[in-house]
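These notes open a run of structures that come right after.
You will see two complexes here that share chain A, one where it goes with chain B and one where it goes with chain C.
Let's turn to the complex of A and B:
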């Protein structure tokens, strides 16, 4: 999985006056993608904390591997380390620039790989406030764009999902221009165009002098008052993963 | 007696001086009270709150349990739309397409978080080796006949749909819209949803006239409460007309009518100011306060006016003399009756239902102001108006003879009347115990309310409206995947399904069975809960990853995966049956499952079911206190301990009679009726006070014996009592036309009680007065003792 978080290039995004808001939005999205190009592969550990309105919490721990692809969307593999009864369960995702993504799940209890319905990806990821579509690779082709405002180094773009089965009408994404177009905040609007969730990124670190990665994602659901916190640790950009690490066999291996 | 006499003399002097002051400074008093009323009214702010939560106090244990459950899962309110196509078949291309359309549109409902319909039902199936979860009917317009036949077959076999979203015949279906109201301002949020849904239904009907739509659910319930408040508020206008007519008929004087109208308007304006100042949000029970105040306040004015006009007509006093005399005679009685009424209404604060606290407090304040305005604005106005009367004695004496005849009739046979009365009262009191509590909130609304008829349609044709929920714990994080837990949960689900009251059960064990079956190639033999914890957990993970936006399991499973929610839909059963059912479920869990799985049944319906009992328990103390306080007031007013004690009989028995007659009429009582004891006590006590004071006056001042004193009391206050009773009955009859049962039942039984009180005061009370004073030697006081507390003319 690749988080749209990026490098310090893209100084060339000086729009002309004649540029429409749509063009400018697309340009920024592309600049952001461009800024994060070249990480090739990464691994990271992830602790997911679910919180309900009363502050009751529940934790899951996962490991994520991501392989960068240029011509199509990235590939990712997620392994559950806890809770105990799902330990070893892993998902493999091939994101596609156009059309629905492919996704498989390995169930160690029956030692089988199952394909997951590709139609439904707007539901919550393991009971959290993150939908699968929030976590999957953010390919430029998956949205249409509209520039909204810029405030100092921060630029806000409206992104409308292309997929009719998306749970959102639009997302407002705030990029930080001076920090490699890393994302600072995303507001999600539901199908009736009411503010549903806000995702804020914090604890950014620069890896390999190019790739900005946040250590904390905090997703707050304004309608249910539930909250999910993602804590990332041990980023590794030197894993040298290949396509073989993202096959169905790799999926089974990963679960052991 | 001397000390008391001094007090009495003092109060008479005070009343007289008060009246003289008011008449002298009539303009100042009028403007002063006008400024006071307007000043209070300017603080007025009438906001309505339709949220059903208002009926429950913060400490209500059922509400706490229900809130805790909602916070564990999701806080849900809903709108259910029930669609009945004219061809009687949901499963046609056109109808499915229409349903899909309305489902999509339903997602746009403000605050919606989930929409469940037959078309977007997440059907689970095995395709090759994969789990496939998808809408049961997506893009129905493109489906072939064979595909539609398949959809029909699947749908009618689906336990999650049948009796919930679909009827057995497949001719009626529902769309259930779950909304998550922020609860910041329900006066704004609820109408927002309602307006949208109503518009959506209208648009849909215009486009698809072959569909009939009925709607119900918690949001429409809230709206119905909201609209009931407004409708009952509108009764005020009707009541005003009744007040004008009654006052005119009783006083036969235009100026009196205008003055009365101004007094009651001032009282209501002040009460509205009180509502604003206290930040009270009006609810159906409290929204009737203007009618209540009108009814009760008008009696004060009428007493003062009738005496004044009588003094002018009969005794040929000048206007000012008559006014002062009337004030002197009525000041204390009006004060005492206001005081007892205020005490009666304030006892509502002992109850456990906040809207009645509001009703009690607003009305009590209104009565306080009514007393103030009746003794200031009213005489000031009458002093200003050019009131003229003609002497009309003939009419009066005919009335008087009638009451005297009744008095003589009673005096002749006190023993027999006492026995007959007590037998009747005893019988009715016995019957009164046969009433049962019923707070089915659907039945709060009569059949003139759309919410009621729609809801009835839905419960007759598709599913139940009432439910009970249990949150079943597993005792450990992730424990819902423990096979033992799942098996027990499954047993509970089965047991619930076997109960005669149950229409539908939604339990997580059903999800576990369904997914297990699909993981085994849709083999029916695997339609059972998984036998291995890892399997169960991983199947659940897979299933959850396959669900779309808004159709997840978060409303059924808590974040920790340690508890799941069981929702039982029930037939329309009454409150005692509801409570019994809930307890049976709790008992089953105690008998058959480990301790961590024990749970209490909760739901809005259950909260209402227990509300009447809770209110009755909490009001009991309040009623006793009211009875003691009011009896004390009576003893002081009458200066007689024995009669004060005796007065308890005519004050308490009307309520017994009322509930006895009610048992013959409906036999079911609701929360609204619990308050009538305290409330009517404060009102009917007036009759007793008037009658007894006249009786005592005759004995003490005029040296009459008991029998003569009774006849005297009949002659002097008979008409006044009938007059007050007519006014009160008129007011409560207006209220009894309310479409909202908490108000209409309360008003109906109040009418019975007030009428009963009058009859008891005319039959039983005089009989008792004669019987209890038989052994007394004639102890006529000196005739000079004219300064008794004189109640009424």
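Let's turn to the complex of A and C:
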């Protein structure tokens, strides 16, 4: 009996050592997903500051609602509050773990809901340095993984997008293992495998004793020298949102 | 003892409604917005009819107020509209919206004047029928008058069901004597009669079922009541007689979203004592996004339009094809351009159009619109009256 246990331990140890970089990468991505599981729903206000290479700025403000789904990807509803000419313009997105996301756009001036293609992943979101794919729900299934290095509590993983329409060949994502696998930094490499952008997260706060949320995202484009800053405020994890808050009726109401 | 005091305090607080009030005050949200627009329309060809002008400077004001409470699940929305123009008939005002809305779980109730949009195609809006078109306001027919209604909407796992009770019909306004885009005879809005003895107070109803599943967005609707489009007939002396018939209209709208392609179809069957007809608009929109990493999206749109009304189709789109391109620059100023042309496959008449817009600073927006009538056949019942009415329209809007 004792012998069997020893053999099992030995096998397990060998197994761990034999774990490939791909397996270890996937394991960390799953651990990060696991650590953020159970937030159910949240709302947050967002101020977006766009800076061009001469330092001129322009601002947008948005409100985002998110509903966590376990079987499939999350649902989200984004409403623009400013600039005023786009106030009320809203998007509803159903992310899917596999396959393209479903997305609807609401145009408040003519009260029209329009299903739009989610094909445009690499394009800029409202003129910012964030691509649509940078802001969509990060599902484990959307990448393949490779462990690169670990440095103290920081672990860096290479993530290769599964979708050929992605604007990236790879992303280098740095997780903080001791802080619920929160992401500290992401380097984005373009289709020519040149460093395109770096996203750094700061001002992390712990909500409900489990969920780490950064108050600032800073995206720097190394090729154009443009920059976009996202400032999050009023995180609310007690909104108790349901599927009914993510319907097309809810989309029309949000942009009212 | 301490527990008792705390309990008493709670009782007193709830009795006086103090805690309730604090909560309510925190969650009532007011919002006021105002848009001021200056507009200039220029018709560069000499008018076909007497009194018609070439230059139309105009102003518009759009105030909007919303109040929300009960975590946003109850609200009142009010939106007004005022237009001042050279054409007396285009000088008009409207309550675009003024309604109370309550949401509970998967249902929603709205009471008051509201705007409802149905449909998927770009070049024509067949299925959209709840609101009367504000025909003097814009050429594209997308501006609507507020419609009094009671709307109940139920959202289920197998689709959304909407029921509309529409107690009052609103008449369409036509251009006045100085205005362009009109017939030789001025049609006064109040002179258009009704088939129904109840006239504008006929009690009308509409139903809609819509569902989005996988790559499909589907809507099926039925309307029974005073038609929104007047019917034109001629007496033996050649006078125009216009009236609103009582109609049944069944509509279908369908979109299939597949990668960069949006496949679209709208179709209606309308029946009344005077006329039965079928119409459809169908086509696709294909978007090439983020061209060469410039952020620019170019969409190509093509739609075929069919209407089996003969020359009495008010929209003049009996057997036509539309080609268009939508260019979105996705820049900081949200610059976008829509260029298109609609061509009659039988008569060869064309209408070309450009719509462009760009934000200036953070609270201004500039718009440009051009509509060019080209090679308009004299056999076109409606369009032949507009053949000299090609125009350019510039607007500058300030948002407060």
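FYI, the second predicted complex is superposed on the first by the 241 of 256 C-alpha atoms of A that agree within 3 Å, B and C clash if a C-alpha of one lies under 4 Å from a C-alpha of the other, contacts with A are read in each partner's own complex, and residues count from 1 in each chain.
Rule of thumb we're sticking to: contacts are C-beta pairs under 8 Å (C-beta built on N, C-alpha and C of every residue); 3 or more make two chains touch, one makes a residue touch a chain.
Values in this document were obtained by computation on a predicted structure and should not be read as measured data.
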Contacts of A:124 with chain B and chain C, given as first, second, both or neither: both
Touching partner for A:112 - first (chain B), second (chain C), both, neither: both
Touched partner set for A:194, first chain B, second chain C, both or neither: first
First (chain B), second (chain C), both or neither touched by A:84: both
Touched partner set for A:51, first chain B, second chain C, both or neither: first
Partner chain in contact with A:249 - chain B first, chain C second, else both or neither: second
Chain touching more of chain A, residue-wise (chain B, chain C): B
Touching both chain B and chain C, residues of chain A: 50, 52, 58, 83-86, 110, 112, 114-117, 119-120, 122-124, 126-127, 167, 190
Residues on chain A engaged by chain C in the complex (per definition of touch): 50, 52, 58-59, 82-87, 100, 102, 104, 110-117, 119-120, 122-124, 126-127, 167, 190, 242, 244, 247-249, 253, 256
Parts of chain B lying in touch with chain A, wherever the complex brings them together: 71-72, 74-75, 107-113, 122, 129-135, 180, 182, 477-478, 481, 519, 532-539, 541-542, 544-554, 557-561
Touching residues (chain side chain C, partner chain A) in the complex: 33, 66, 72, 75, 77, 101, 103, 105-106, 108, 115-117, 119-120, 142-144, 153, 155, 160, 210, 212, 217, 255, 257, 259-262, 287, 289-290, 293, 295, 297, 330-334, 359, 362-365, 397, 399-400
Residues of chain A that touch chain B when the two form their complex: 50-54, 56-58, 80, 83-86, 89, 91, 103, 105, 107-110, 112, 114-117, 119-127, 131-132, 165-167, 190-192, 194, 223-224, 226
